[in-house]
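Look at the two complexes coming up: chain A is in both, with chain B in one and chain C in the other.
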Partner chain A sequence: MEARYIKATLALCCAAWLAATGPVLAEEAKPEAKPVKLTTTADHTKFKQLQKTFDSGPEVTKACLECHTEAAGQIHRTKHWKWEFLNPETKQTLGKKTILNNFCISIASNYASCTSCHVGYGWKDANFDFAKQENVDCLACHDTTGNYKKPPGFAGNPVTKDTEFPPGSGKIIKGIDLAKIAQKVGKSSRDTCGACHFNGGGGDGVKHGDMDSSLAAPTKDVDVHMDAEGLDFTCSTCHKTSSHDVAGSRYTPTAKDNKGVQVRGKAGSGNPATCVACHDNAPHKSVARLNQHATRIACQTCHIPTYARGGIATKMTWDWSTAGKRDKDGKHIILKDAKGRITYESRKGDFTLAENVKPEYAWFNGNVQFTLLSDKIEKTGQRTQINKMGGSPTDGKSMIWPMKVFRGSQPYDPVNKTLITPHTAGNDDTGFWKNLDWDKAIPVGMKDSGAPYSGKFDFIKTEMSWPITHMVAPKDKALGCVECHAKEGRLAGIQGVYLPARDNNKLVDTAGWAIVLLTLLGVIGHGALRIVTSRKH
Partner chain B sequence: MSERIYVFKLFERFWHWAQAALIIFLMLTAFDIHGTYTIFGFEKAVAYHTIAAWTLIGLWVFAIFWHFTTGEWKQYIPTTEKVVAMMNYYLFGIFKNAPHPFRLTTLRKHNPLQRLAYLFILVCVGPLLWITGGLYLFYDKWPAWGLGNLPLEWVATGHTIGAFMMLAFLIAHVYLTTAGHTPTAHIKAMITGWEEVD
Partner chain C sequence: MKLIKTLAAGAILSVIAASASAYDADWKRGRVYYRSVCTSCHVVAPIGSINPSTKTKAEWAAYIKADKHAKGKDTVKQYVSKAYRASIKAGNKAAEKFADTPDQELLDDVAAFLNKGAKDGDAPASCS
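Our next item is the complex of A and B:
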């Protein structure tokens, strides 16, 4: 009896041990982890079209188009493809193809480098064929392996065979296997969008400040929505795509969305990427007073206390006027700060960088007017605004927005009074990044832009504003009242609103304190007189 | 010889001191909110100010009920009788040890100047603070009430004017408590209910 009991106990123990360790052992034995979410109904490894060697990007696209027959046509209609955008309000023709900034300035004459971020293959000069279907790059957005790379200098083409680049440099760019990548295509991800958008301005976090590689797998504190262990939003959760056209725009941003939640069948603001599109116009439940704040203040102002919060610094200034210096051996100079960040490069000039930056704030109504190459500019005491953000407290369309204001100094033509599009990138005799010679670089760039150049250049101080909208903090990290309700608070420079604690009526305060003081003096005098006279009696 | 009369009933004394504490606390937080100094900081000051305001409103509900059921509201009916005499007393008589021109009774416990001052607070300063303060409390309801275009600046400035007037009143009021039969007679009366009179 007792022996049987012991046997049974042993058997039970063994079974429990197996049950506990079995799954672990099985998992260890698995060759490859399955994706966490199965987001597709098609296993692309099974498609014959993809079971071959691809020597170039367009070959992959041709294979994609055999099934996804309309995909390229959809891409052809988007900003991602055209890099061109006609602003219906200002009538300005914008887009990366046309505008200038105060980072790397312009893509004209620098296509082969810049177009590594184009959703296409082969845009190496102004003659690129935008009508060709196989020029569309599907993998840039649909790669799930993380192995897809489009190095600068190849006009948006991936490198499929080991290649020395630049030629003669001895540096080898390893070729990638496009078939493996093509067989694993899936939905766009933070990584695919981020491959370009995290690196705007030429490096991680450089341009935007609220977008950098920390958003690839952010903590809750960096981004409450994208929190990799929480809500785990991808970019397209908010930037809801329709027919391959991604919602959201820096040319026509939605500064004020008063149309509430976007419900199926109900027309919203048209932009599904706004906070309001999910949260509605009155999202504060416990402190209703904040909903009144939300009629004048963009959500981002309080809910993004600082940008560049993920440990990656963003560029704050860029002074091109100091570029071109060489060391005593005639070589390019690179200076770094204590944290190893580049603060000077012969190719680019001086930079300052910062993390955890408090934004600047401005009334913004969504109207953005660019200073284009065709616009006349004057060198004055004030900085030239590359993009002028419209807005006022009284136009009924503006909200108080947080901005990254990027300040720099860049070449301009003092005779023709225009900005300049220099030839920077390029393994040739005129590229500034190679030869550090403005006199060679500027004429080539201006010619490519089709703009006149007087032959004289100078540097002009410019600024560019970037509305901050990413890196939304958890609600307990939102700004406290006193950040703005104070004499020298964050909104110290904002006109047109009465802010208790910041503002007062000077006359009322002066008169009020005068009355209080006179009353006090009166009673003290009266009391003193009473004491004096009472002694006499 | 002086005699003692019972002027302030228990509820009245409770009301007075509770109101005094609340108003002083409201002023303390008010100028914190106004940005004059920082004690609690804006956020907490607003929260405390709001709680104190609602408590004061609750107290008033009881006080109003009390005044009407006891008929004590009549104590605030203004009179011109002896006003000049009172002013003369405060300006001259008090220094010459002249007799107080007003002799209080349980039915007339406020002197004519007091009546006028309290009525002014009740009719002018009070409503200014209540209306502007009430609007402040319901700031989020303005659009729903059709007040979406009401400038916050007007409400805030009105409330500030009221606050300064109340502060000036408080100073004078506290000082005048010493102008009784003895310097502490009025305060003792407000605590015990019994006032010593000539």
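Our next item is the complex of A and C:
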């Protein structure tokens, strides 16, 4: 009886072994079908540290740090963490912590909302602990599930249990399972970078114009490099990262790269995210004339004919001066255009939006000077530039660049002559987005910024420039000659360069037409003589 | 007898373990295939595009399980099959790119995307 059991059990064991190894053996014959993860060398589902319930982000980070012991320290040195950057050229202290813009204006006093895009947990006020390793958010960049969310209002924390927010609103934010997300971590992707960078300025495509959710899985026409069916570049293919520090900068952009292709091992190669870093300084093989263009014109100028090409509109203007209106019942107003896009919100004012936008063009040398809260400004006929883009046709460092120029009107202090950092986000009595009261919102925001406020406010017209560099089109969609070589072409406003068909020089024109006339006379004369002489014979 | 029971239990566990090492579906690949193959064809056909967010997770799961495309005129599976991809790859880059992906893996990828992008999914998704 027992022998029968043993035989049966052994048979079962053999069957089990065959079932378990059979497919593997079969697959060894066809290695392409082997079920192995090719994008990572570690299957995080197998790590005991991650096989538990996590109630908060820092708990996950603590588990990550057990193996990745240096990761948090690396993050602590980056702009993504500090939101602070000292521009070595202008000596200005920049970074999100300091600068203002003409979108949502400033993070001061609005931390709990804005820091949903910080790579950290718990930055709710000026007392955030930047030295604590567990405060680093690994999942923001390493989530592969697409389910990791940090809703505004939670100071960069994910929500792990269903939560009503704002309290009393009846709106429920679904809790997410951090263990499931942590067990599937991997390389950063267009989705992880895009979770913040596609949504800058308060919504999809709002800020940059050349970055929106259409780049998550774009077609070739939207971006030739990121084309999900083709080259499938991620952001980090160009923004090559070292020790968690991502290459590329909005504060010190590389306007002119004359260092050629980056070769492995070559020291001092500079910014790996430029076009030249891969394509070299003379990339046009069949039409050499275009390489001469590339000495004065940024690649992006011709190769990004329009931005916001992925079907998502970008904001072009924002007028804060009209914010604060209520309907007859005293409620907030939201107006939309025919396409369902918001054009007015009581909280924010009037907007205009656009798709397939032709950039504006300017000489740009990479120098960016910001108007900070400490800078004096004057209300004149001209717009105050939030960021002055340096450049000229004669400095030897500038190229003609495409720009999104975002124009708006925002609060300023007419007595102290400074910009203003209002308290906007927040479920409290002074938050402008709740109570629509500038007199309450401004003092709180300015106090948090540590800046004086006279008690009076007005609105000032501003503009901010954003160099366009994403959404590179396929080469057959690059600009043709006549787009610029024309009287009212794209470069109509660019000074300091002679553009045939756009520009005239009386002397050159007279000499040219004289040559044409003389040539014509010569041909006619020669022909006439031939006719006359042939008749004589 | 105890040893036999242990061996038997071990054998059963090995079978479960073997079947548990299932394919880990890639929703991102599913996203590309759904948008580039399913949607691109649907846009041309009279039915138009179908946003994943127009159905619930349960509805999508039932649809995949029923395997009835065009109200049963043909199957869903055939549209993710290697044979179908081979037939359209000359004019469809996604079909070309995923030409060699095993049929079941690609179906799982698409199902994962639909589950995620469903009305009640983690990230309700559109066709574009």
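Definition applied: the second predicted complex is superposed on the first by the 467 of 537 C-alpha atoms of A that agree within 3 Å, B and C clash if a C-alpha of one lies under 4 Å from a C-alpha of the other, contacts with A are read in each partner's own complex, and residues count from 1 in each chain.
The criterion applied here is as follows: a residue touches a chain if its C-beta (ideal position, glycine included) is under 8 Å from a C-beta of that chain, and two chains touch if they have at least 3 such contacts.
This structure is a prediction, so every number in the text was calculated from the model and none was measured.
By the touch criterion defined above, A:A501 lies against chain B but remains apart from chain C after alignment on the C-alpha atoms of chain A.
By the touch criterion stated above, A:A217 is placed in contact with chain C alone, chain B being left untouched. Look at A:E488: by the touch rule set out above, it reaches neither chain B nor chain C. When the two structures are aligned on the shared chain, A:D329 is found in touch with neither chain B nor chain C. Once the two complexes are overlaid on the shared chain, A:D439 sits clear of chain B and of chain C alike. When the shared chain is aligned, no partner comes close enough to touch A:D162: not chain B, not chain C.
Shared-chain residue A:H526: touches chain B; no touch with chain C.
Touching chain A in their complex are the following residues of chain B: 33-35, 41-43, 46, 90, 94-97, 139-143, 151-153, 156-157, 160-161, 163-165, 167-168, 171-172, 175-176, 178. Per the touch definition, chain C reaches chain A in the complex via residues 1, 4, 7-8, 10-12, 14-15, 17-19, 21, 23-24, 27-28, 31-32, 35-36, 93-94, 96-97, 100, 102, 116, 122-123, 128. In the complex of the two chains, the chain A residues touching chain B come out as 288-292, 295, 480-482, 485-487, 497-498, 500-505, 508-509, 511-513, 515-516, 519-520, 522-523, 526-527, 529-530, 533-534, 537. Interface residues of chain A facing chain C in the complex, by the touch rule stated above, are 2, 5-6, 9-10, 12-13, 15-17, 19-20, 23, 32-33, 35, 37, 145-147, 176, 189, 191, 214, 217, 220, 228-230, 310-311.
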